[in-house]
Amino acid sequence: MGESKSETGLLAYIIPFLAVVPVLYLLDWESHEASILIVAVPFMTFPVILIAGQIYNGTEYWKIKLKEGGILALGALGVSLSASLWLVYDYVDSLPNFYDQQSIIQWLEWVSFDLLQSDYTLTSGTKILGMGVWIDSITLMILLVATFLCFLICWFSLGYMNTDPINEDRNHRFYGEFVLFALGMFGMVLADNFLWLFIFWEVMGLCSYLLIGFYYWKDSAAYASKKAFLTTRVGDVFLMIGLFILYDIYGSLEFSVIFHDPSLDGMVDSNKLFWALLMMFIGAVGKSAQFPLHVWLPDAMEGPTPVSALIHAATMVNAGLYLVARMVPFVDVGHHGVAGLEELGLIIAYVGGITAFMAAAIAFVQNDIKKVLAYSTMSQLAYIFTGLGSALWFYNNDEHHAAVVVFGASMFHLFNHAMAKGMLFMASGSVIHEVHHAHDHLHHGDHDHHFDPQDMRNMGGLASKMPVTATAMMFGSMSIIGIPLIGGFWSKEGIIAETWLAALEHEPLMFGPAILVLLTAGMTGFYMSRMWFMTFAGEPKSEVVNHVHEETPWIKMPLVTLTIVTAFGGFAFALLGATDYLSSAYDYSGHLKLHESTLISSIIGELEHAFLPEKMNLRIIGWITIFLSFIVGPVFAARIHGGNLAKGESATPLVSWLVSLSSKFGSQDVTSLAESELSVALQNRLYFDDLYEGILAKTVIPFSEFAAWFDRKVIDGMIKQVESKSVIGSLQVRNLTTGSARDYILMATIGMLSIIALLWGLN
Amino acid sequence: MMPELILILGLIAIVLVPNLGDAKFRLPLTSIRVPVLLGGSRFDMTNDPRMPNRISNLTFSLALLSSLLLISESPREVGGILMVDGFSRLFSTMFLGALLLVSIATTHRLPAKTNAQVPKESDSENVFDRKISILMDNRRQVDFYILLIMVGLGMTMMTMATNLFMLIVCIELASLSTYVLVAFHKEDATGGEAGAKYFIVGSVASAIGIYGMSLLYLWSGSLDLDILRQNWLSMDGVDPFAAFGIGMMLVAFGFKVSAAPFHLAAPDAYSGAASPVSGLLATASKAMGFLALFRVLVMITVPEGSEAIWMITLSIFAIVTMTWGNLAALTSVNPKRILAYSSVAHAGYMLAAIAVVGSGISGTDQSSIILTAVSFHLFVLVLFKLGAFLVLALLETEGKGHEIEHLHGLGRRDPLIAGSMFLFVLSLAGVPPLSGFLSKLLMINGIVSTSASTGSSSSADVISWAESVDPLFWLAAAIVLNSALSLFYYLRIGLVMFFEEPSTEKPLKAAPSLRMAIFACALLTVLCGVGPVSEWLLDMVSTAIGSFMYQ
Amino acid sequence: MISDPLTVITIVPLAVSLALLILPKISGSAEGLARASRAISMGVALAMLAITTMIFFGEIGNVDWTDYNSGYSLTNDAFALIPSIGVQWKVGADALSFPMIWLTTLLIPISMLVEWDAKKGHLFHPLILMMEGALIGVFVSLDMFVFYAFWELTLVPMFFLIMVWGGDDRKYASMKFFIYTFTASVIMLIGILVMYFYTPDVASSGTITGHTFDMSVMIASSDYIPSEGLRHLVWLLLLIGFATKMPSVPVHTWLPDAHVQAPTAGSMLLAGVMLKMGAYGFLRIAVSAFPNSTVAFIPLLIFLGMASLVYGAWVCMGQTNLKRMVAYSSVSHMGLIFLGIATMQPLGIAGALFMMFAHGIISPLLFAVAGAFKHHYHTLEIGSMRGIAHHSPWLAAHMMLGWMASLGLPLLAGFVAEVTILIAFWMSFGWLVLLPTLTLIITAVYYLTSMQKTIFESNDPHQGILPDTLHGEEPRDISWHENSGMFILGALTILFGILPFLFWDMMSEWSSGFLIETLVEAMQSEGVKP
Amino acid sequence: MIDPSWIAGLGVILFGVGLIGVFTRNNAIVVLMCIEVMLNAANLNFVAGTMHYGDVDGWVFTAIAIAIAAAEVAIGLAIFLSLYSTQQTISLDDATTLRN
């Protein structure tokens, strides 16, 4: 297409951006010095986009050449990406150990102050809440994920956002906020202390608010954005309290001080620390949409699809995981950690287990393609929480090996999930975009016609219409389900197995989360398959489908890239020892196995590790997981939703096997099930939203109205009482001046008598 | 004695001059007509209705000047019953100043031809104006100024009296003249009523006072202040004659200073009288009462180092007075009554300060600071209280001024006059840096500094301290709270002047000398609050108080 | 360069404004002056800003603000005003007052800019200039009398601003504002007078009363007050005056009325600087002079702070008027200042100082936004309009920024203050911190709800739901001057959010020095552990 | 010679009569007369005092007090006339246009 060619030319604009990092390299900068650019360049770009966009809105150059700021955003993110790649290149194999590490670089002494000690003297030396850079394997991994995905999603947005007429002349807002969002995540990951972690964490909160509410005129979007912000705010506030406690305990919020100031060994009150960590965990729960602060996530789908991809894959929800991952050193009794914090791990694991199960259950009945993905996100994050919970538990019980494994697995799952979910959202975006486009094409300007382009009941049989998307989505779903050898399999297995290990060998209470995550594995298989089948397999469920075709090149590129990463990345990284490497942040031993063994032997070793672990019970758990997720879930889904394409349509070979396979299991009518009470409850999200809103409507709103009434009537009323009482008093006093001189004389006489009485009486 | 002589000369002049005419006396048995100048058809100059005013202005100016020049005169006794010293000169300066202002201010309006009629609301504008001008242009003006000079004479004499009886006589001289002045306000049907009430209540009060004085005489056998003091100090316990005598004299002076509950006639009198006269009552007449209180309470009855018998009584009356005044003014809709009640409230403040003098601090610096504060307050009160009444007098030239509506939109009609008025009420309220603030501050300072140190020094919390502190401390609190209360009605005046629509856009009458008096008051109100003038004045007052204290 | 810059920045605005107000009234030939008064006022205000900025950068006076021990800087030779009672003209600034001075000089031109085309501009802008002189006077004067005089003088221009340019109920509001705060400051005056009385005679030769109003002497001689109870009482009297100004619950009710009725510039200055006078005075006088009482009354401070913060936030949520809501949010935020002081930690006190400053740039932005709603949509009723972001994108953007800054979003100025105060609060009072911290959620709720119900939610991408009060008028975005005013405020909010140390360092040093010099002894004697 | 205390006692009675009179009677003229009675009570005291102390000051005071009373009467009557001419009454209870 002619248009697409000229648009590719626009990429020339980002070349200068991409050249920044190489130039700096040539100028003898160090990569950690350049790390400031990861945050600074987007930070300088976003106001430019916002303000220039507002001013040059609608002009030709801005709209066509700069894609309403999209090109600038892409360039800025390109700088971040290249700078973080540089960091990865420099540090990937030469990381200092966490416990010996200082901040790589101090950027600014943000706030400095003294404290009064209990002997009434000031602390010697000024305390500083500053900002610097911290780099370890977790940082590198999440930074890479974030920059990479942000770049791709921005790319995707160029196709997705700019072609939607409803967004016309508004996209500068999108890109500006997008860039800000991204920098929030970058900054949070790079920060070398909890305060700046929190600061960037909040920046993300703001941006999620702005972006979810991008279609501000929609009631639902405005409501959803508010809900997202407030729900996460609840968590954030507790996180803040956690930070206060932490500061009180350690006298600093810097990782380097908190984690390896030897003078603090044995000085820390475990009870206090428990509360600090619990408070921080509540923050993470809010941000990562875990039970019971999960209600915002599904509503957040009101934002444009790239935003969903951004929130769910690249940035926001990972923040909570990152925070919990940073808790490890507190509980790692092998090093400076404090003993007696097992409950924390349990609580985290339970929250994870419950959320995983609940979200998967709700995902069963969702018909909105993005909602399914949203619940899937929730569920998968819950896996990671469960894993981290077990990891913390292990660390605290000095089960070092198990801890390392499950921690690494959790982090690795974060990576896999991010890649797959980013891709899935973009793919779903592609579907929605094209379906919407086709619908517009079909019903020109007919706005009254009610049609939801996100509803899977309007789709079906898209596999032939959208080959790239269908393929991408298939791999993404597989990764999420944990189909052996693909993406998430490598990490999910580890989480489930180690949780069971904890339950079986150490702590019976761990059975709860263990069972829940195991069940969820099967449920994941069902709902992800269901989504794919409903969308791509079977016959078209509405005429719109016939007019769908993939068009925009901006959309395809990220999909293809991520499909490759998802399909092979998991295995590849597993081979490289990602699990060990990621947990090496808190460990002496882990390194990427770059130079250690031959490819074949490591493949065999890895496969053996995955399918035939040494411990028997792990082996059993592993196979049960595979059975549930690989066989049970998908087969049920295929029975209900699977089916061949319409006659004459054919999909690419990559997916056609799946389509035809899906028709092999017969079909089952589930109408009665769909109308059951359970299903209704699930559709209503188990009534959590209603519950919260009911509580708010019954308590907060009336109380605030009461407070306003109280202020107006009682407090101000008292003041007014003073006024009105004195007016009445004044009138009464004035009435004493009757006008009759006789009364005046009488009063004077009384006055005289009282003077005499007083003089006489008092002496 | 210079100022008094000037006043007497002025009195003679004002009686004679307007009667000068071409009357000739035919020498008996001859046809030679000797011009005797008195009577006949008068010369143009003496016929001029403004003539008495000029004489009066001149008299008061000269008297004021001489009083000012003689202010540092060394103490001198005259005839055993008068004593000229800095203190008396200070007060006579104040009285003469007030009278001069009144005299100047009345240039443009004064009462009464026999055929003059009081304008009615229903009159058309022309008729109304004509009636006013008839009232203005009147040869019988002279009566007013005679009375004014008589007031001046009474007041200046009373400042010097060292004999209680002389004091009362001089006060009566001044008072009787003011009764007539109040009733003089004939454009208004209320003048007679106001005069009658003021007279009758005032007479009862002075009768009580004179009776009290006679009791004192029975007790001590002399009314000389020094002897009274010696007798008082050597008195064993409290003699009922003495106590009752003092108490009854308090009634008479209480009426003069318009302390509650003797003040009831005052608002009526103020609102019925011509505004300059009301102003005179609220300032000079009140100061006269306070001067008398100084003499009786401070000079006679304050024992060294212990509490005076009247301290608590006076404190109670002070609090009642200030609260009554402020409360009543709060909802009043007649600006003259508002000012009258405010004058009552101010009397309360000053009474509170005087009450503290009786707390056993006699002879100390603190008591002289308090007296300085009260005197200073009386002094500056002349500026802004009288100034405020003069603004109302300006409104009275168009027959208005007794309803708050008449002040509406004054800021638009005449911003300078309205600004001055605003300044006056702010100063009355005690807003810094105006002189009203300074004087009030000094009074409160006196009270606080006397009483705050009395609290138990071991009390560790507020309540135990509050229980242990001298109750006089709460007088200061009462003053402050009352000041806050008073703001409501003072600000209301400012508010209606600047933010209400005027009923007419017509500019105010020119009345240059009245305006001059107002502006002089406004200027001095500011100058006496801050800067060298206030220093000089305060210095003068405190020196004078020094001479009073160490007589 | 300028020998006595503080006197200059106090007197020049006052003198110019008086000239601009009075001259045209007196002589008709000064008509031209009236026309130019807007420009002249702005010029003077900008010149003052230039002076204070130069002071900040050390161009004038070369002050090291972070040095607590050097005491007041830029002081002049005391010049006697009323020697009889010991009143002097004595000015100076330190790290406590300087940020406030700078803030004043900053906000004055901005508030003029925002209301650049106010009605009766020949009076409006000079009045604001007068406000500047009075406010600076409060912050610079080192004589208690002059301090008090300026304190009251600030009421006058504000009273007129509300009375003349206010909303429908302006008469009631302005009276209430004036009387309420005046009454409180009169109560404060009693306290000042008691302090005054106890100044030692030696320092005041030549006065009739034997005492002096010199602030440092008065503060230093508070030890001469013999009774602990009286010291407590004086402290409480001062507190009443200052807390009313701040304002703290339960003496806050003048604020919403005044704010709702005040013109935009008035609200901006009221919230931006006038409220800070309370906190400034509290630290400068009450805490400095009576450290023991302050320490003894820490529970009271906490109660007041908590009440303002928590209760204020709840009341905010029940408001339907945008400006009223913002006004109550000021009450709520001012509560944090008391909490910060109550911590008795340098961190908390510095946080309180920074709160004063940060709120001083954020709240004017809020009120500018609210004022713009009133100006362009003729209503402040939350919920009477929807989707205004479509018609007024700049306004919506400023609203977003201001609201977010006020609810304590990081990287915006308010956060620094909030987080430092709360850290210190935890260190001193532990779990009590839950209350203020959870209130942040309430804050978020009311801010977000108000935004949702004004600039969002029209259900039509091409049209907002306009309020009835617009009467079919075409909705507009804010004008250039409003926009630039808000823009500067927004930019500063971000600037000080990211680079708080510009002012933080001096505040922190001041707090440490202040605590050690003044409060530590009291804490030891009262047995309060840090 | 009558004991001065009897005279003073008569003065007290007179004063009481006058005092009760001033606030019970309505007619301004009668009130004026009561005031005269009160002043005369004071005069009796002065006379008694003179007798007791044996100096002449009291007589002088008495004479002047009588003069004051006369002046008062003159002025009072004039003012009452003025009141009567505007309000056609000299009843104190009726002349109440000025009040509150």
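The chains carry the letters A, B, C and D, assigned in the order they are written, with residues numbered from 1 in each.
FYI, contacts are C-beta pairs under 8 Å (C-beta built on N, C-alpha and C of every residue); 3 or more make two chains touch, one makes a residue touch a chain.
Bear in mind that the values here come from a model prediction, so they are computed numbers and not experimental data.
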**OP:** Pick out whichever of the two, B-D or A-B, is joined by more C-beta pairs in contact.
**Re:** B-D
Subject >> Inter-chain centre distance, chain C versus chain D - centres from mean C-alpha coordinates, in Å >> reply: 65
Original post:
Taking each chain's centre as its mean C-alpha position, how far apart are chain A and chain B in Å?
Top reply: 81
Subject >> Separation of chain B from chain D, taking each centre as the mean of its C-alpha atoms, in whole Å >> reply: 25
Original post:
chain A to chain C: how many Å between their CA centres?
Top reply: 39
Subject >> Residues of chain D touching at least two other chains >> reply: 19, 22, 28, 31, 92, 95, 97-100
Original post:
What parts of chain B, by residue number, touch at least two of the other chains?
Top reply: 196-197, 200, 204, 208, 267-268, 332
Original post:
Among all the chains shown, which pairs meet the touch rule set out at the top?
Top reply: A-B, A-C, A-D, B-C, B-D
**OP:** State the interface residues of chain B toward chain C in the complex, per the touch definition above.
**Re:** 365, 369, 372, 415-416, 431-433, 438, 441-442, 444-445, 448-449, 452-453, 455-466, 468-469, 476-477, 480-481, 483-484, 487-488, 491, 495, 498-499, 530-531, 534-535, 538-539, 542
**OP:** Name, in rising order, each residue of chain A that touches chain C in their complex.
**Re:** 50, 54, 108-118, 120, 122, 126-127, 166, 195, 198-200, 202-203, 205-206, 209-210, 213, 215-219, 221-223, 226, 229-230, 233-234, 237, 240-241, 243-245, 247-248, 700-701, 703-711, 715-716, 719
Subject >> Touch list for chain D against partner chain A, complex >> reply: 19, 22-26, 28, 31, 92-93, 95-100
Subject >> Parts of chain D lying in touch with chain B, wherever the complex brings them together >> reply: 8, 11, 15, 18-19, 22, 28, 31-32, 35, 38-39, 41-46, 48-49, 52-53, 55, 57-58, 61, 64-65, 68, 71-72, 75-76, 78-80, 82-87, 90, 92, 95, 97-100
Original post:
Contact residues on chain B for chain A in the complex?
Top reply: 196-197, 200-201, 204-205, 208, 237-238, 240, 243-244, 246-248, 250-251, 254-255, 260-262, 264-265, 267-268, 309-310, 312-313, 316-317, 324, 327-332, 485
